[in-house]
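In what comes next, subunit A is part of two complexes: it sits with subunit B in the first one and with subunit C in the second one.
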Partner chain A sequence: MRVIIDKIFQIFTLSVAIFVSIILIFILFQLIKDGISSLSLNFFIESARPVGSNSGGFKQAILGSLIIDSIAMLIIVFLSILGGLFLYVYPETLLSKILKESMSLLQGTPTIVCGICVYYILVRSMGHFSGLAGSVALALVGIPYMVLASEQIFSMTPTLLLEAAYSLGLSRTRVILYVVLKFAKFPLLAISLLTLARIAGETAPLLFTAFGNSFLELNPLRPMAAIPLQIYVYAISPYDEWHRLAWAGALILIAFVTVLSLILGRYRRLGE
Partner chain B sequence: MIKMKLQDVHAFFGKNEVLKGINLDIYDKAVTAIIGPSGCGKTTLLRCLNRMHELDKNAYITGKILLDGEDIFKMDLYKVRRKVGMVFQRPNPFPFMSIKDNVLAGFLMSGKRLSKKQKEEICERNLIRVALWDETKDRLNDLPTNLSGGQQQRLCIARALANDPEVILMDEPTSALDPISTAKIEELIVNLKSEIVIVIVTHNMQQAARISDFTSFMYMGSLVEYGITEQIFKVPKEKLTEDYITGRFG
Partner chain C sequence: MPKKIQNIVNFPPFCLSNFSLFELLLKLVAVLLIFLPILIFVVLFINSLPAIYHLGFSVFTTNNWDPVDDKFGVISPLLVTVMVGVICTFLGLMLSTPIALFLSFYSRGRISAFFSTVIDALASIPSVVLGLWAIFYVAPHVDKVENVIRDLFGFIPFLKGNPSPFGLFTTILILTLMLIPIQTVLIKELITLVPRNLIEAGFSLGTTKFEIVRSLILPFIKKGMIAVIFLSLARGMEETMATAMLIGNRPLFPDSLFSPTATLTSIIANEFAEAFSRIYLSVLFELGLILFILVFVTNVIAKLILRLLYRGV
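Moving on to the complex of A and B:
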């Protein structure tokens, strides 16, 4: 009987795994089939063009995403390491408990809410949409995830190493600087890449903040295009030509996330 | 000459009293061993001597511990730990620093600036002191994870010595090592005692007998007997000590 139950369970888990893989393969296949046909050099070096011009690309969106995501990551990494350190150093304080609870809450908040908040706080006070507002909205999405992960990483510092440092007569600040942060270097890098992979595909927080732009705009204080936004705009349009570009954009996004995962795998090995 | 003096030292973890009024003199240029069964408070006593006990947030110490006549609880905490270094049960070199930087860790991490020549001198001198120079001189920039357990432990002793302490506390430094590495570390301890005070916690009574000048026997948080090693092992005054060293319990 035990063997039969074991077999049934094996077959069940295997079939679920195959089912999920088929869906994933189907999505990837569709993405590659429809995306690759629209990929050309023009896709990377041309900005958006009006319908009917039979050309146009994602240049403004790729550069926009690069700028918006870079600024967002700077904010995320800086604030999250500080937040994570605070949670690690003062775990029992009321402020820590509030911070941890709010991070968990924010982690589960729909990302569009982050966009709306930034719209009310930043976009309205600035008087216009901007890439910077998009970065702040993306940072709101990434920070909770990375703060909680950083705290976990810092708590993984072996007591043996902490004690070794304290026994040399070092202050807590120096132990954090030279042991905790150094030990956490690779895991923090890995988590940063994961966070980047997560925010890179976010559309909702950018809708009311970066807004999108059909023209090349490199000033983050102006409305900017971004890959997910451009895909969204093209995908909901009624034109086949734009649909093809949207597929190509989605392919680029997936390729970017895949490259990040590969780098992550390499760093994980280095970390070990 | 007395280097450290403990007067009515009690140590607590929250409400739990782990050390119950320890009085002990630790002599200069000598090896003092602390023996006793598991859970008797040996390690806690050792960690009181450089206030590492207080790292646990519920832990505290009462009583007096004097270092050269000065109360360590009135001294700067970091200065106490620099003067009273420590080597742990398991080798714990910093895995992200080279062998050389591990020896210099006390300087590098406290932000002291050293010239290249000074760094090389300190590194070489201390690796020679722990008999690790010949084995590592050609790979000083390698990570310590490439060394054997015994070599790593000697590197940790070199790291503690480089900080120029007056006393070194060793918490069962050979318990995780093979017999050959253990023998090397024991030889090292005997060689070092002419220049530094060593207090060692050990589970291994033969080790205490081999390398220490003074031995203290602890039981249930109290110091049962303390004296010259030979006397403790040959003619113990207390019945409990005799029972422990003859293996009737432990």
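Moving on to the complex of A and C:
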């Protein structure tokens, strides 16, 4: 009897796991089916077109996402590595405890709240929406993950290397620059890519900062389109054509995000 | 030490300036980062001042959303936000607890790796994509499920209503799906905190895995589960895109589980760009402030519980 109950429970847990997997496979299947059928060369080389022209693509959104995400990543990587180094160099000081708390507070901040704050700080003062504001909003979302993750990575530096460096008489700055950073090079690259995967799908911070644009815009000081924004706009529109484009965009986005996060699976749990 | 290296290392002015400049930079960045959440709070607060000044406490007493007449009731989106979070958290726990148990006790090797990948992949789907999927593949079919629920449980007042493709129910389904991976990972972490030797002692007594789970694992992780509940509650409440796409955007209290309504996040996402008056915009910032505080408090409760429980671990 006990063994039977155990078996029943095992089958129950297995079936729940299979149920969730089926939903995922369902999502991916429909995404690929609808995405592939509307994916064509035009999708990459044309900007948005009005409804009825039976063409149009995501060129402006892809380029916009590229620019917005690269600027955001520049801000994130620069600030987070320094922030992570601070946590690593002064581990038990009051300031670093406060920094850790404020990072976990920022991590919990709703992304849309980051968006409207950047709207007030940047968009209001500049007078118009801009891709740069979108980057800053995305940076606000990405910084906490990367600060906490990079601190964990720095603390993995072998003590042996550190002691060897110090015994040569190197100053702390030099130890950090030549030993700690060098040792953490590849893990840092990995977590930057993971942070990129995380912010690439964020839509809420971009809604009122980058705002979206139907035309190709390469100047980050002007309103810019981004892939997730374009998906959102097309998804809630009433036109079948636009829906198809949204599916193709979603396929591109998810291919990018999933591939990145599955390749770097080993580092996934850092910074959470 | 050779003279040359000694010169590089100990050349006083160089060493001094280099050293202090870098550390100064570190400190500056640290202070900058500390100020980010404070800055967010201050911006939200400053911007919601006009609303607080003009409307005062009336936002908490009216159930009305009429931007033209400057009548805004915050209480219904607030309640809906909390309700969505709570329902999704508990629905999600019902699915994620078995998955976590399956992953830690009933599977090994490839099977475990496969299901872990599924969970990871589910976690990495952007919410706008899930929303897109739900608009075209969940919303059109959701009324059948809603009819079944209404026929079976219609005697409960809140479950009796007209089915609608976009509304509370659709949102809850999708948000539950989004919370499952987060909860699964957290519960798996909790299970790893159970002392290994207790589990092994249990097995050596000849107990089955189910008995171990019921009499050892579940009591052990019970308190930690409260923290998991609060963490996923915060995640559920702050979710924006899928909610904004699916909930229907009718900023009034829902008549039933199926009717369209609005949460704090969905109102901000849908109305911020078209706020036409100063008070309107300010009310939206106030919604943001309320959301910020709500999520902050929930997260802090979760962290306090975790810290109290697992101080040593």
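Annotations for the structure displayed:
In this section, the second predicted complex is superposed on the first by the 245 of 272 C-alpha atoms of A that agree within 3 Å, B and C clash if a C-alpha of one lies under 4 Å from a C-alpha of the other, contacts with A are read in each partner's own complex, and residues count from 1 in each chain.
The rule is simple: a contact is a pair of C-beta atoms (placed from the backbone, for glycine too) under 8 Å apart; a residue touches a chain by one contact, two chains touch by 3 or more.
Values in this document were obtained by computation on a predicted structure and should not be read as measured data.
Once the two complexes are laid over each other on the shared chain, residue contacts for A:182 go to subunit B alone; subunit C is not touched.
When both complexes are overlaid on chain A, the residue A:61 reaches neither subunit B nor subunit C.
Using the contact criterion defined above for the overlaid structures, shared-chain residue A:137 touches neither subunit B nor subunit C, since it reaches no partner. Legend: residue contacts after superposition of the two complexes on their common chain; A:31 is shown touching subunit C, with no touch to subunit B.
Considering which of subunit B and subunit C touches more of subunit A, the answer is C.
In the superposed model, A:170 lies in contact with both subunit B and subunit C.
Legend: residue contacts after superposition of the two complexes on their common chain; A:86 is shown touching subunit C, with no touch to subunit B. Touch criterion met: A:265 reaches subunit C, while subunit B stays clear of it. Judged by the touch definition given at the top, the superposed model places A:17 against subunit C, while subunit B stays out of reach.
Once chain A of one complex is fitted onto chain A of the other, the partner contacts of A:160 are limited to subunit B, with no touch recorded for subunit C. On subunit A, the surface touched by subunit B in one complex and the surface touched by subunit C in the other have residues 168-171, 174 in common.
Looking at the complex, you find that subunit C touches subunit A at residues 1, 5-6, 9-10, 15, 18-19, 22-23, 25-27, 29-34, 36-40, 43-44, 47, 95, 98-99, 101-103, 106-107, 114-115, 117-122, 124-133, 135-137, 177, 180, 185, 208-211, 213, 234, 237-238, 240-241, 245, 265, 268-269, 272-273, 284-285, 288, 291-292, 295-296, 299, 303.
Against subunit C, in their complex, subunit A makes its touches with residues 2-3, 5-6, 9-10, 12-14, 16-17, 19-21, 23-24, 26-28, 30-31, 34, 79, 82-83, 85-86, 89, 95-96, 98-99, 102-106, 108-114, 116-117, 119-121, 140, 143, 147, 168-174, 176-177, 197, 200-204, 207-208, 211, 228, 231-232, 235-236, 243, 246-247, 250, 253-254, 257-258, 261-262, 265, 268-269. Against subunit A, the residues of subunit B that register as touching in their complex are 50, 52, 55, 78-82, 85-86, 88, 90, 92-96, 105-106, 108-111, 156, 159-160, 163.
Considering their complex, residues 158, 160-161, 163-171, 174-175, 178-179, 182-183, 185 of subunit A touch subunit B.
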